[in-house]
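Shared between the two complexes below is chain A, which has chain B as its partner in the first and chain C in the second.
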Partner chain A sequence: MAVAIAPLVGVAVAAIRGPWADIATAPFAGYALTSALLAVGVAGLSTVFGLTSAWLVATCRFPGSRVFEWLLVLPLAAPTFALAYGYADLFDVAGDLRMGLRQAAGFDLPVSMRSLPGAIFVLSLAFYPYVFLAVRDALLNRSAVAAEAARSLGASPGTVLWRVTLPMARPALAAGLALALMETLADYGAVSFLSVQTLTTGVVRAWSVYGSPASAALFGLPLIGTAAVLLAFERWSRSRRAYGVQATGWRDTPRPILSGWRAALATLACTTLFVAAFALPLGWLGWNALQATPEWPRLLHASGRVFGLGVVAAGLATALAAALALSGGDRPLLTRLAGLGYATPGAVMAIGLLVPAGLIWRNASGPTVMFATGLLMLIYAYAARLMAAALEPVSAALTRVRPAMGDAARTLGRSPLDVAWSVRAPMAKGGLLTAALIVFIDVVKELPATLILRPFNFDTLAVLADAYARDERIGQAAWPALMIVAVAVPACLWLTRRISRSRPGGDRP
Partner chain B sequence: MQFHRVLMLAIAGVLALSGCQQPSGGATGREDAGVVNVYTARHYDADLRLYERFTELTGIRVNRIEGNADQLVARMQAEGEASPADVFVVSDAGALWRVQNAGLFQPIQSEALTTAIPANLRDPEGRWFGFTRRARVVAYDPAKVRPEEVDTYEEIASPRFRGRLCVRSADNPYNLSLVGALLEAWGTEKTTQWVEGIVANLARAPEGGDRDQIRAVGAGVCEIALTNTYYYVLLGAGDDAGDRALVERIKLAFPSLDGLGTHVNVSGGGVVAGAPNRENAIRLVEFLGSAEAQTMVAASNGEYPASPSVPVPPPVDAIADFTAHPMPVSAFGPRTAAALELMTAAGWR
Partner chain C sequence: MTAESVLRLADLAFDYGSRPLLRDLDLSVGRGEVVCILGPSGSGKSTLLRLIAGLERPSRGRIEIAGRCVADARSSEPAERRGVGMVFQDDALFPHLSVIDNVGFGLIGLPRRERRPRALEALDRLGLSDRADDWPHRLSGGEQQRVAVARALAPRPGLILMDEPFSRLDSQLRYRVRDDALSALRASGASVIFVTHDAEEAMASADSLVLMANGRILQFGTPEDCYRRPVSVEAGQLLGPLNVMPVDVMNESARTPFGTLDLPGVASGPARLVFRPEALRAAADGVAASVVGRQFGGACMRLEVEAGGFRARMAVQGRNGGDGDTIRVRLEAGEVEVLPG
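Right after this comes the complex of A and B.
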């Protein structure tokens, strides 16, 4: 638990220690407002995207509905900056599309991707899968029992929808939104590329231009505070799901088959969403990539490293989350604190980690130690950041362990540690794998903490993509960005299958 | 058990990663010549060939970390005396000053560097040296703008160009150094008026990098743009046919500051204080300041060599005929914080 909180303490220490720069407060208020507007915008738009698509896919059958179940989750495999590069380049005022339109049709799209609305659009497309997964899960889990009970009491199908089914999905919607918002607030890559000035970019600006890590840490504190609020909200909404279903007495709800124009509309809606969130920006990036010659040795090295990092970080984060979940059943506050890392921007986390890292670096020396420490710090940063994401499925899996099982083991003479090891941990196995996959996907996409903490000659794919993009070479940046997607997609598909399998409905296709 | 296995996997993974990096990592050099550790804020691919060339010539391995200048500084400060950094390279004089101000450079005596690099492009005490130069100039559309309309910096902020200027965001180091130079030359009041004029002339809120500003001039969004010279060169030498055609059409003008010449910035570096491989570090810094390295960077990245004795290679030679302002580049650094405050107050995002 201390492990997860250390970076946050580091941030607080850095903030308090000073020296602060003489920054006027006016820009700070502006950044905070922009962050707030961004959050509100993304909340709204991702609700529209995620809720509609989850509803369609979970409650009806239409052509392609089974394919969309996993297709619509794929945007999670793409780093936000990849979507940002794709859309910014596609709609660039001097780009081929708009130049062509001007010449052919004589008018110009009044669209600027490099703006707050543009950022809201891109981030909503990137994060709606969180809402989609959560709501779909809730809707698929609903048992026919509740609906049948309502019908037997005389409710019409419409009333059943409005007063029984939707309220059961609402907590899931809240949980998915909380995750999406935490990611939005923490995002740096896409937001800075699109020239939108949020608190997160303000953190980096305070550090870079004013040279004041203390001021940067100070800016980061409201972000951590908001993360705390969001996390509390998410926990509250999950607890409200208690009026869901029991595992016994569960019956699958029949799914009506759409036909005619309804079916066509449903398919069209889902296709449009998938194209907008995945196929279009990444396809455009791919098109650009073909016009640039990639530097294969660097790319392959970076892929290997990022894959290795992902695996190791996933292992560590899962182990830590498991330790926390297994032992933290009666200490919810610590568990929540551990989850704060999720909405902490990577840059802020890295600032926080430089404090303990400095302690290690100052007391041990030698190049091997430096390298190992750099690597460990990086993995630690990932683990600390993603504890919340790892904690969620592990805790959820553990709720299935009934106290009676533990008590039975105790009566048979096992110690509490033994109980944790041999009874609860195996039951959490499924949750552990889900947690590991989530962490892996996030690590492969991560950028800011990697930039700051990595050891020598250690570039990941995200670092390469960022370097090329900052050098304004989108064609070159497209290669590592697309390779991140390639590495993350299998993990994403595996994750989707696991979540489907873990429903009470079990393994039915 | 699952947990146990996961933990072992994690530890094994860390060891494996350490092990597989050992040959190229910073371990004790197998060659006699040793290693040199570079922290670089330059993010151009061409630099990799530079370091390879250095290894060819001297046998010293180069380990590098790229990153943002101030994040690297914070990291070096956290690392303290255990920091492995030997050489620090950045691409803006303001950043060089900030590193110097943090006490992270050490002075070196080098005949070769003091004769090769002009005094205004290096630290008088030998803590850092500029290796290549870049000028901040105006890209304009000759169909709409005459070159004499942009031959001083004051004219860029004049009402002639209301709503017709494109420039990148205020926190970019190149803009900060430019405004810092103006503060040095003109003082606060005149510079504030200039910055307000710039903000009034913006055709759109700052977005994108310098290349995007040049492309915006080409697309007709604005008539003039502030840009570094090497971006123009890189567009002309790049992969994209549209960019190359753009460079045929859009021209560069070299505005003069107070009649003395165009604002010039440097990319440079120095030996880090407490460098563990000090001798190798000095050799690397001397190599980076050598005629060969300057020519390599100039040719591949479109910058101008810092030494007047080094001939400007193509393709940069096409735009090398200008007078550079003699202001010492060490003057920008102390003024960048004030510059940013001024710019933000005037509304330059």
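Right after this comes the complex of A and C.
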């Protein structure tokens, strides 16, 4: 468990020890305010997007409702910077769209994507699926029994919605929102491209521009604090989410079939959301990509590296999570600490690791040591951040192993270690695979920690995209960004299907 | 004890934290014997099985299996080395293994090619050899429990423990699965200890009963003995309704509302007479009693009767005298047990 916490201690040490660079104090309040406004805006807008779509998809039937169940999750597969590139270019003052509008209609759109509202819009589109998934599952997981009981007690369908269905989904909304906010505060790629200065961009800038880990750590401290609060909030909501999920006496809730203008409106709303969050920005990126000639050697090189990193990190994080879970990882304190690692922005985690890395670099130098240490720290950062994400599916799978199964194996002559290997691990196989996949996808999309910790000239797809985008070569940046999406989409679909299968009644046609 | 005893418990005790769960347990189980532990929930039955299996460690006393000490207060042999089979209450089948692999799970010590025939043999005893390559979740509840029994049986242990193995099944199915399982177990020659809270099941299938309450053994004996000659009211009530009548014994006899009873060899003083509902018989020459309650029980009619201020339960066969306001009854002296008052 020390794995996840050590970097956080490193941040605290670095922040207190100084010396801080000049930028440390002056813009601090401004960055913090921007981060806060960004969080509030994303909370509001992603609730609107996520709640409405989840409610439509989970409680009604309309043309395409089945498809939207998974289509609306897809934005999770796109890194935020991909959306940011797409929208920023689309609404660029000198872009085709605005030029065309000015010529055709004689007026200009009063918006700029490179602004706080623009960042709120982009991040809300990127992160509403957390809300969507949580609320959709809560609404689907409610058995018809509760609603029927309410009806039998004299409640009208409308009353059931307000007094039974929505209150039951409220903890899920809170949990989904907490995840969305953690990601928002941790985001670097989109906000930095949209020229919005938050605490997280402050962390990266303090390190990369001013070379001051102490200042970076100072920016990181409030982020760790907020992450801890969000995490506690998420756990608390989740502890209240258990109701309604009972396998026994499970009955699917019948969904009213919408028709006429209602159906059209529902389909239109979901389509608009999907187009805005996925098809439009990524399509625009694709269009741009086709105009540019990709630098294949660099792309392939970066793909190979990020693939290797992803595989190693996924293996490591999953192995750690499995070891933790198999050795009785249901101990709440340990999982909570692992969770703090997950909630901590990658940039902050990376700064925390600079302290031990600095120690190594001071005592041993040379390009090989530099390279190896950087790589090691990078993998360490991924594992520490993502172990909690891996722990979740592994523990969930292990709850299927009932105590009696272990006891039975013991009485059949197997030692405890043998029981873990021949009963518990094989039964958790699906969970282990899910865990590894989640980690892999996150590593492929990861940007800030990689930027800080990577060895010199060690590019991943995300780093490459960021580098191109900085030079305003959107067409070039589109290639690595879309390659990430191409890898993440199938994995995302597979994970969504697994989740929906695992709920009660989920394996029914 | 004799060399024939497969299991011997001596002064066994178990504390959960500071809370004593089991106390002063002494028990001996012979080879091939089927012993049933009966008691209300919370009486420590399951804990006792887990101690014998090696899944818990005793706080005091010792456990011997086949003449070898496997646990005392200082050391406890782990479950995997005791060679004791166990069948659990909820289906503890391994869902990631096929039926045959579940049954073969305990045969790891055998050469690979001998495992399948041995597992098949165990399955065949339970009548399930045709489902060998199926998956546990595709079996019915009854079939799953048969597989669990076959799995415990396959390594040919000398002792098999069963913790309410049939309680999840509905009653019709339960009797059939239980009878099949027990006859397979008897045929294997293993001793069996099984836990239940169903008195009828216990009496119908055991050679001896262990009656337990509050972590202690109340009585140990044949089902018939335990039923007819309870050593205490508490023990007697575990096996079914019991009438308890306080009396004063004088000159080896006692006067009861149902007539005077001869009690040869019983010392004078206060005592309690205990008897089953069947000990009261409808008889033309009996004492008049008023019927205050009546419950239809299929083969018999269960009555509550009152005579001389004493309310007693009785069971009347068929339609015999079951429909008046009064009934004439006689208490069979031979079916009455005397307990100290």
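Brief remarks on what is shown
Here is the rule we go by: the second predicted complex is superposed on the first by the 420 of 509 C-alpha atoms of A that agree within 3 Å, B and C clash if a C-alpha of one lies under 4 Å from a C-alpha of the other, contacts with A are read in each partner's own complex, and residues count from 1 in each chain.
Going forward, a contact is a pair of C-beta atoms (placed from the backbone, for glycine too) under 8 Å apart; a residue touches a chain by one contact, two chains touch by 3 or more.
For clarity, every value in this text was computed on a predicted model and none was experimentally measured.
Shared-chain residue A:Leu412: touches chain C; no touch with chain B. By the touch criterion defined above, A:Ala404 reaches chain C but does not reach chain B. By the touch criterion defined above, A:Leu166 reaches neither chain B nor chain C.
Of the two partner chains, neither chain B nor chain C is touched by A:Leu97.
In the superposition on chain A, contact of A:Val48 is made with neither chain B nor chain C. Of the two partner chains, neither chain B nor chain C is touched by A:Leu299. Among chain B and chain C, the chain that touches a larger number of residues in chain A is B.
Touching of chain A by both chain B and chain C, each in its own complex, is seen for residues 426, 429.
Within the complex formed with chain C, the residues of chain A that make contact are 400, 402, 404-405, 407-415, 418, 423, 426-427, 429.
Residues 1-3, 6-7, 9-10, 13-14, 16-18, 21-22, 24-28, 35, 37, 43-45, 63-71, 73-75, 77-84, 98, 102, 169, 171, 176, 204-212, 215-216, 218-219, 221, 231, 239-240, 242, 336-337, 340-341, 344-345, 349 of chain B are the ones touching chain A in the complex.
Chain C meets chain A in the complex at residues 50, 53-55, 78-86, 88-90, 92-96, 105-106, 108-109, 148, 151-152, 155, 161.
The touching residues of chain A, counted against chain B in their complex, run 21-24, 26-27, 88, 92-94, 96, 98-99, 112, 114-115, 194-195, 197, 204-205, 207-211, 213, 291-293, 295, 305, 308-309, 311-312, 315-316, 318-319, 322-323, 326, 350-351, 354-355, 357-358, 361-365, 367-368, 370-372, 375-376, 379, 421-422, 425-426, 428-429, 432, 436, 451-459, 463, 467, 470-472, 475.
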